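Provided herewith is a single structure, encoded as structure tokens, for subsequent inquiry.
As written, the chain order gives the labels A, B, C and D, with residue 1 at the start of each chain.
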Amino acid sequence: MKIQVGYELIYYFPQKTPMILMVNVHPERLSDIVTASFLTTDPELPITGYQDSFGNWCSRITAPPGTLRLTGNSVLRDSGEPDPVAESAGQHPVEELPSETLVFLLASRYCETDLLSQTAWNLFGHVTPGWTRVQAICDWVNNHITFNYGTARPTRTAWDAYNEQAGVCRDFAHLAITFCRCMNIPARYCTGFLGDIGMPPPYPPGDFAAWFEVYLGGRWHTFDPRNNQRRIGRVLMARGRDAADVAIATTFGPNSLESFKVWSDEVIEGVATSPHSF
Amino acid sequence: MKIQVGYELIYYFPQKTPMILMVNVHPERLSDIVTASFLTTDPELPITGYQDSFGNWCSRITAPPGTLRLTGNSVLRDSGEPDPVAESAGQHPVEELPSETLVFLLASRYCETDLLSQTAWNLFGHVTPGWTRVQAICDWVNNHITFNYGTARPTRTAWDAYNEQAGVCRDFAHLAITFCRCMNIPARYCTGFLGDIGMPPPYPPGDFAAWFEVYLGGRWHTFDPRNNQRRIGRVLMARGRDAADVAIATTFGPNSLESFKVWSDEVIEGVATSPHSF
Amino acid sequence: MKIQVGYELIYYFPQKTPMILMVNVHPERLSDIVTASFLTTDPELPITGYQDSFGNWCSRITAPPGTLRLTGNSVLRDSGEPDPVAESAGQHPVEELPSETLVFLLASRYCETDLLSQTAWNLFGHVTPGWTRVQAICDWVNNHITFNYGTARPTRTAWDAYNEQAGVCRDFAHLAITFCRCMNIPARYCTGFLGDIGMPPPYPPGDFAAWFEVYLGGRWHTFDPRNNQRRIGRVLMARGRDAADVAIATTFGPNSLESFKVWSDEVIEGVATSPHSF
Amino acid sequence: MKIQVGYELIYYFPQKTPMILMVNVHPERLSDIVTASFLTTDPELPITGYQDSFGNWCSRITAPPGTLRLTGNSVLRDSGEPDPVAESAGQHPVEELPSETLVFLLASRYCETDLLSQTAWNLFGHVTPGWTRVQAICDWVNNHITFNYGTARPTRTAWDAYNEQAGVCRDFAHLAITFCRCMNIPARYCTGFLGDIGMPPPYPPGDFAAWFEVYLGGRWHTFDPRNNQRRIGRVLMARGRDAADVAIATTFGPNSLESFKVWSDEVIEGVATSPHSF
């Protein structure tokens, strides 16, 4: 299967403003690229790329005053299979976890493991460790949080989402990540493209998706507490400890986002099924 | 000058408990080591070492049930000079910051830049950028926060410290780091040994110290809002985004810390000035 | 300016054969990409990507028995300026070189600094250190080596090229790199696309180019002893200690290369000036 | 078991000379250190430490004119077990090798895989792949090369050693590494301390040892074609592609090595069995 993913962001800046963007397809998908246009700016600006400590490809630009249009559009090969299931993937005792997974047990900006540890053990301490426990966490989060774009705010943490019982996909992910870490399961935040291949549209049109990965049975596995389904066609953009590490756009100055489009569609016989091809 | 640094931690564990320790002298001081005993356990346990993504040397052990004594003691060469001052160190525009510094502008567990941004700009927006601004932040924090061991708690964030006006050295550091990041100055958290060489004892005996570093004028500079003085003889153990990344000991299970001693003393003619040598 | 670069390689394999390919545009140019198709295989094969210790993007495939066609084609933004000149870039004393440059002073497979050290000092010991010395090395190599595709062989080292006085672009680069390292100037090998923008074709049609970089005056500078000219439009693919690290294709089994095309052309008004667009 | 390892090097320098030293115990043994004195200089000099791309801890100093004494002495915990044997460790097909092992299949300064490939396949192509094949390579090398300190020279490569049938421990290692790489088995060069615990002294007193590691069955295994025995008490200092990467001392200027002592002994009841303790 081939998938076309892309975005168009239009900003207005009252003054010259530096930006960091994480809109590139993740390097781990580089070998799947059929053709890629990662980032084009209008007006045309110098773009500097760098790889952060998580391995994400980031771009830096300095927006001039006025309107700025950012676009990207790529076609990738994809297995066409749903997120793999590995119900037998066991939970590692902490002392057997690979060292590089340990940072994903720690607290982070939006995942206050120190505040939710007792809750996590009360809720999930009796559940079979491993895959079953992670699925129980996702079920609980999916049930407990009501999806609500209207009350979304960038400062909401897992603790806030737990108490307010409301959130968007990133809040679902933060709460599930926090519970997993409390239960000593390494968990990391993912952001990327997720279309509706094989199902009715799950996201309001025009948004990126957030999900997470856990380390069980010797490798990382995808979970998505917002949709709580194995899905086809995720295209990762960036990974981190939580949303603080992988903001799509970090702007260092006032701005308004005038327009925001995101797409992710199967390409049928060389033609994307949506009208988004540039 | 030569400095002897060390610690003795005595824990009681009711059951087998994995631990991560960050008690080694930081690798950047490895070339200053005259002689080092990084970590000895009693009873003797297998120790596994690894380097985290910040370059800190971490140790992993699994504590058996019962009492565990952890000790280390090292002698290092030191310049004997106070923390360098560089009043002309200028603030980089964001677009000119090296990429590897950018992560230290982001929010982290105990540094909610998103909540304190407006406060920071109100307080420090009018202050000359660069060294003067960082010093103004340290002065303000040193003034605003009352040192109080009694109310210390591990979940206190910069936002909490700001509102409660109380804290210990780590809270001073978190609040100053948060303000610096809000003002677009990369800031990172440091933990290590800091004795009282050349001054009356600043810390309650038996604790590690926290300070921070900012990136100005092309390099990192030390600031210490708790003491708010240039000091002699800091010995770094670990650096990170905040205290969540560099806990001295992370224990995965219940435990009690029965005894806790830390020392950092000048070595005069081969003999440490304190009775701590093993 | 925009540049289109690409390649078509056609192999025949008698049996299933694993391959490593270094045909991607180097990550440091990722932010210059207008549109990229890094690697397409015919027949279509699974491709695995990884980044080696030098930061190059590598691809792994397993070729099935039979004919395999590999193609890539990308369009990049480019300054349109010749390789920068910095005649005042000074030579660092060894003790002041950044640590990460030191590996590029060491001997490597095709750069026997231990065999050519005395020769280097005899030839260039009296030349002004820094840029002038590197240019003198390139002049000498360009003069001493006769370009000859006919006698090219993959095992030829700098020492061989020095003695045989013959070589192709990689041999010119190896000998100049070796002399630079002998004179304590860090030097690293580069491979990539180099067209004939602004000049008569320098390369036999259909080959990649090799050049090198030296560390002077606090940064890396491009030199090209084969052409011995500042050129427009180099597009880096990979860097390493020498050609052993950056082979375009490493095949683990017998094979024949049936056809080999490489292009690198300015794109005028959206249309490449060559007939290579796919 | 506890092992004491150390060295004393005495140099004479006619002029100020920068040096790079790889005399520290390897970071992977840091958690085994009971007490360490990595590097002391007489006269006392500033020492700068850095970690190279292989993870080795290197030290940089600038020797003043005159005599320089370098010493180190450390005590480490050790399993006391001989090098592990894993006869069932299988050879990975190239396409299944982890990416980070691939660099150890490539040619390097002293390991000309391109020159010895046909020889390797002739000699070992018929031998069972995996552990048996590596042991066969070590047996062959141990048999073919005559140990001879008298003819040792720093420019001798695997190809030279193969033809001259003579060498010291590094030549044995280079030739075995080269054959392994030719047979598609990742192999890396090791240097460190190796005493005579449990056997008659194998090395002329006062030298470091060289051995190598191969990647089989999902992990790295130690082989030592010079001694061709499983040995107790190896203490690694540095790893690389070959000896070019891990020279004990790289000096950038003329010098004479006036004295050279190395020791590696079991510590019995707190006292080393040799007279080397400082």
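In the analysis below, contacts are C-beta pairs under 8 Å (C-beta built on N, C-alpha and C of every residue); 3 or more make two chains touch, one makes a residue touch a chain.
None of the values given here were measured: they were computed from a predicted structure.
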Interface residue overlap between copies chain A and chain C, same or different (over half shared): same
Most distant chain from chain B by Cα centroid: C
Distance from chain D to chain C - Cα centre to Cα centre, in angstrom: 32
Whole-Å gap separating chain B and chain D, where each centre is the average of the chain's CA atoms: 37
Numbers and ranges of chain D residues touching at least 2 other chains: 48
Pairwise touch network: line, ring, star, complete, or other: ring
Interchain contacts, given as pairs of chains that touch: A-B, A-C, B-D, C-D
Interfacial residue positions of chain D with respect to chain C in the complex: 18, 20, 48, 50, 52-53, 58, 60, 62, 93-95, 99-100, 102-103, 106-109, 111-112, 114-115, 154-155, 184, 244-245, 250, 252
Residue ranges of chain A in contact with chain C within the complex: 24, 27-28, 30-40, 44, 47-49, 51, 57, 59, 77
